[in-house]
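The structure appears below as structure tokens.
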Amino acid sequence: MKLGMIGLGRMGANMAQRLLRGGHAVVGFDPRAEARAALQEQGAETADSLAALLAKLAPPRVLWLMVPAGEITDTTLEALLPLLQVGDTLVDGGNSRYLDSQRRAATFVEHGIEYVDCGTSGGVWGLAEGYSLMIGGAEAAVERLRPLFECLAPAPGRGWGRVGPVGAGHFAKMIHNGIEYGLMQAYAEGFSILHHKQEFDLDLQQLAEIWSHGSVVHSWLLELTAKALAEHPDMHDIAPYVADSGEGRWTVDEAIALGVPAPVITHALIARLRSRDAESFADRLLAALRNQFGGHEVRKG
Amino acid sequence: MKLGMIGLGRMGANMAQRLLRGGHAVVGFDPRAEARAALQEQGAETADSLAALLAKLAPPRVLWLMVPAGEITDTTLEALLPLLQVGDTLVDGGNSRYLDSQRRAATFVEHGIEYVDCGTSGGVWGLAEGYSLMIGGAEAAVERLRPLFECLAPAPGRGWGRVGPVGAGHFAKMIHNGIEYGLMQAYAEGFSILHHKQEFDLDLQQLAEIWSHGSVVHSWLLELTAKALAEHPDMHDIAPYVADSGEGRWTVDEAIALGVPAPVITHALIARLRSRDAESFADRLLAALRNQFGGHEVRKG
Amino acid sequence: MKLGMIGLGRMGANMAQRLLRGGHAVVGFDPRAEARAALQEQGAETADSLAALLAKLAPPRVLWLMVPAGEITDTTLEALLPLLQVGDTLVDGGNSRYLDSQRRAATFVEHGIEYVDCGTSGGVWGLAEGYSLMIGGAEAAVERLRPLFECLAPAPGRGWGRVGPVGAGHFAKMIHNGIEYGLMQAYAEGFSILHHKQEFDLDLQQLAEIWSHGSVVHSWLLELTAKALAEHPDMHDIAPYVADSGEGRWTVDEAIALGVPAPVITHALIARLRSRDAESFADRLLAALRNQFGGHEVRKG
Amino acid sequence: MKLGMIGLGRMGANMAQRLLRGGHAVVGFDPRAEARAALQEQGAETADSLAALLAKLAPPRVLWLMVPAGEITDTTLEALLPLLQVGDTLVDGGNSRYLDSQRRAATFVEHGIEYVDCGTSGGVWGLAEGYSLMIGGAEAAVERLRPLFECLAPAPGRGWGRVGPVGAGHFAKMIHNGIEYGLMQAYAEGFSILHHKQEFDLDLQQLAEIWSHGSVVHSWLLELTAKALAEHPDMHDIAPYVADSGEGRWTVDEAIALGVPAPVITHALIARLRSRDAESFADRLLAALRNQFGGHEVRKG
């Protein structure tokens, strides 16, 4: 089928390409001319404005949004709303907060436009291996898009599904990312212990590879860990600075709101905050306090 | 090649069977007659004493220990030592603490007996899919056992390796299990949040299956989570009581000794302790304290 | 000076009484007749409606709100707004979220009414020992109320202060409570370890009292711990169920928003969530997972 | 009464001085001549060897050890043992691990020498304000030393007590320090959040002082926090490097061994480890992993 892909960044461009390879027709929009040109080379049509994009699609249209979560999603949706018609379908495939998706969907559905939130996992590997898709929205709307989901997923019958009404897709993706934080931190801690055990002079990449076959901890993230260790054996060229992009925070927030203890996911987030806290005011105060009561020496700042 | 397998419990029996299927000759020992009989049906010889076992093997012999970590390992090793000869090789495939393995190896090596510690992962699935093996010991000793490792691993060239001198194998297995604790807790927390989000009435098994294809969190543990959720959709038939078997504690201990912050692995262990702390003295005291300063109501115990 | 106290619950009634003892004139309002009657016995005037309360005060009036944080604060403020005059001062002494105080203050200040947010600590002991007051608001407004703060605090020159503009008072109180969570949990864990060390048969109350004199951990909370242990030596009559009232959650939220790692305050909150998580879905899933990969026995739920 | 004080460092010298002021006779030993000279000026006798020290005390003698925990305690005790007589009493007032105290006591008691372990808190403030003393040992031995305890404590009837048999004193001190870690971390986190809330430009010292009167979080550590903030308002002259001296680790170890969940005390320790983990291997690996799956940018190391 034919769809409009809005946002041709790393994720949007790859998904458009996978759809093209699957025989679908894609019209791509992105404000950056080079992003449009790159997609055209893959065989897509492109448009240099939302209006132009819509003009190239026959109603009922399918618009797939792959833009960064937050303000730009709202701006784009506001620009789209007056251009859409009853029966059109909008898919938000980005990392929106589920509460935002529910709010936005209410507006669109009021205007007779279907709204589908599609949590998307797979990163830069999705193009080749397929994406994992957690979909929220009306059953009929999701069903109508089936050919797209079957194409984007690793296989037609696997790795995608409608998990509930609008909001459920992004809710599931949020928790997915919260789990991801916890998994990553568990591996990072384990390999850090191995790295510090100088007595054994362990080969970390070798261990990641051994564990990748037959062990209880084998996973895709572990395979990527092996790759990362192959490229950066001692990691000295990588700064110990870990960004976080929102879903981890929202997961912590949701856990607290629901009264669910989630210490590991929460600490995985805190470890990232700590990686960026260069000033470490708390640690300075602790050192000063030890000096106050015990006369313990402090290091000069 | 031919080896003696000492300990025919869940792990030892399966490993013996995989070796038999691979064309190796196994003499099995276990004090329980039914365990011996079961292995005999698979085509192995058995022996009803350590002495009998050794008599069925021609020097230089290979003895593979699969008994529970701790006292019984020491008892068995003490019984074996006088029965062994220079050139024999002892493999401890159990979950021994690496410090114990180093201590034991020192004694055996002094007597001219090779000592190999082999961390073994794979659980009940290892029989069919192969085991992940982290091996510590002298290079020649490990090399001599290559046919066994190639047979036990998922494939001859994958999932096993000599990772260092004696102790390194069990050290690596210890950290493996520490990571395992963290991974399991991350999944458990994520699914617990999903479970409590009644608004979406999510199908947890469906989510585990969607994520198992193409998502960043896909792993073997996630596939097992899907299976567990299929068998126990609401988990009401499973008590919230989580055992721990030592490696998690040792990992925490090691991290502290090395000065490595490992909050997530540590909290995964603490969560297990908490699952078994039915009395919850700390929580009672907290409730009593809130009452003391704020007059907040307490629930009767 | 004369003021109107709105809300005669545990905190409001005690504060009114302390002000009366300090020679101030108090008009109290509470919808519950028995609360009004109790205050009248202490020498206060009372009123059975907000309008009646305001009628008993000459402009410029001082109104002090001591009602539970949340909706009832908004309802009361909405009812008050049309009744107030330019020059009146409103003090919110409750546990409002600082963001709410900033929002509310904007409305009142627009109408020429001063708004002061006063974080109040001291609990049921404040009546006798004085309250700790963290005050946000315009300097002149805070200065005008000085006699009240000097009376409510433990001493005229101690335990109170203007800490910044509107919002700063409740912000400081929020962090105060976050710290309180952490302190309480630290004591609770320590005493729990002592309690479980059966080998020494320790007298927990004795230890709390020894530590209350000269030790590094001596504090008011420790003295209350000694009292709690005197009243409930083994805590069996107190349920292990710990409520939380909002400030802890907000502190965690704020720490994350500011990028400040606060693992201990955060975990003190999580421990409270855990105390109320009777179902423990995560622990059930962990037990089920251990069974899946390792064949480990599970307890029946 | 008369006693020998072995070890005239910060703690030993101050305790000797407090005993002198209380009318007791002290013979001090320390290998450093300047430490002995300083004590002599306070009115004590001194000795330049253990043998000389013992010669200046009439049996049954009281020897009080204030040396750093660990090897030096063992060395000193080994040197003392042959010099002591039946009926002498040895007090270990240092921060020994309770298991060591139990082991050492067994040896001394076998030789008819009383052994008392005395956990000592109070730091550099103990000289002026008295020490908090948690004492383990035989009842008669402890009773005999009563005049010393009454003098060292803040007041004769407060701040000291026999808490159990040998080992119980150091056990209690260990937990005391574990709690101390948790309390310090809670304050440090709270003040770090306050410090980062630039919107309010809060005066941290002022807040510490307000809270020190009447608030739920008032404590001695909070008063020291106010002092530390007065001396180092922005803490820039103090390095964010926090040492730990053993008791925190032992507390974590003990909690795990007893199956007591102690997340806050544990995390307070982990935060100290983190303050010293300049390399941050785990964070580097996390950044590398994010790049692997999501193509997220990494900072150069």
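Each chain carries a letter (A, B, C and D) given by its place in the written order, and its residues are counted from 1.
Everything below uses one rule, namely that contacts are C-beta pairs under 8 Å (C-beta built on N, C-alpha and C of every residue); 3 or more make two chains touch, one makes a residue touch a chain.
Computed from a prediction, not measured in an experiment: that's the story for all the values here.
Common partners of chain C and chain D, by the touch rule above, are A, B. Set against the Cα centre of chain B, the chain with the most distant centre is C. Just to note, of A-C and A-D, the chains joined by more C-beta pairs in contact are A-D. One simple way to say how far apart two chains are is to compare their mean CA positions; for chain A and chain D this gives 48 Å. Each chain gets a centre from the mean of its Cα atoms; for chain A and chain C, those two points are 39 Å apart. Each of the following residues of chain C touches two or more other chains: 123, 185, 187, 189, 192, 196, 216, 220-221, 255, 259-263, 267, 270-271, 274, 282, 293-294.
Those residues of chain B whose C-beta lies close enough to touch chain C in the complex are 10, 123-125, 184-185, 187-189, 191-192, 195-196, 220-221, 224-225, 227-229, 231-232, 235-243, 263, 267, 271-272, 274-275, 279-296, 298-301. Residues 121-123, 126, 129-134, 136, 153-155, 158-161, 163-165, 167-168, 171-172, 175-183, 185-187, 189-190, 192-194, 196-197, 200-203, 206-207, 209-222, 251, 254-255, 258-265, 267-268, 270-271 of chain C touch chain D in their complex. If you check the complex, the residues on chain C that touch chain A are 216, 249, 252-253, 255-256, 259-263, 266-267, 269-271, 273-274, 276-277, 282, 293-294.
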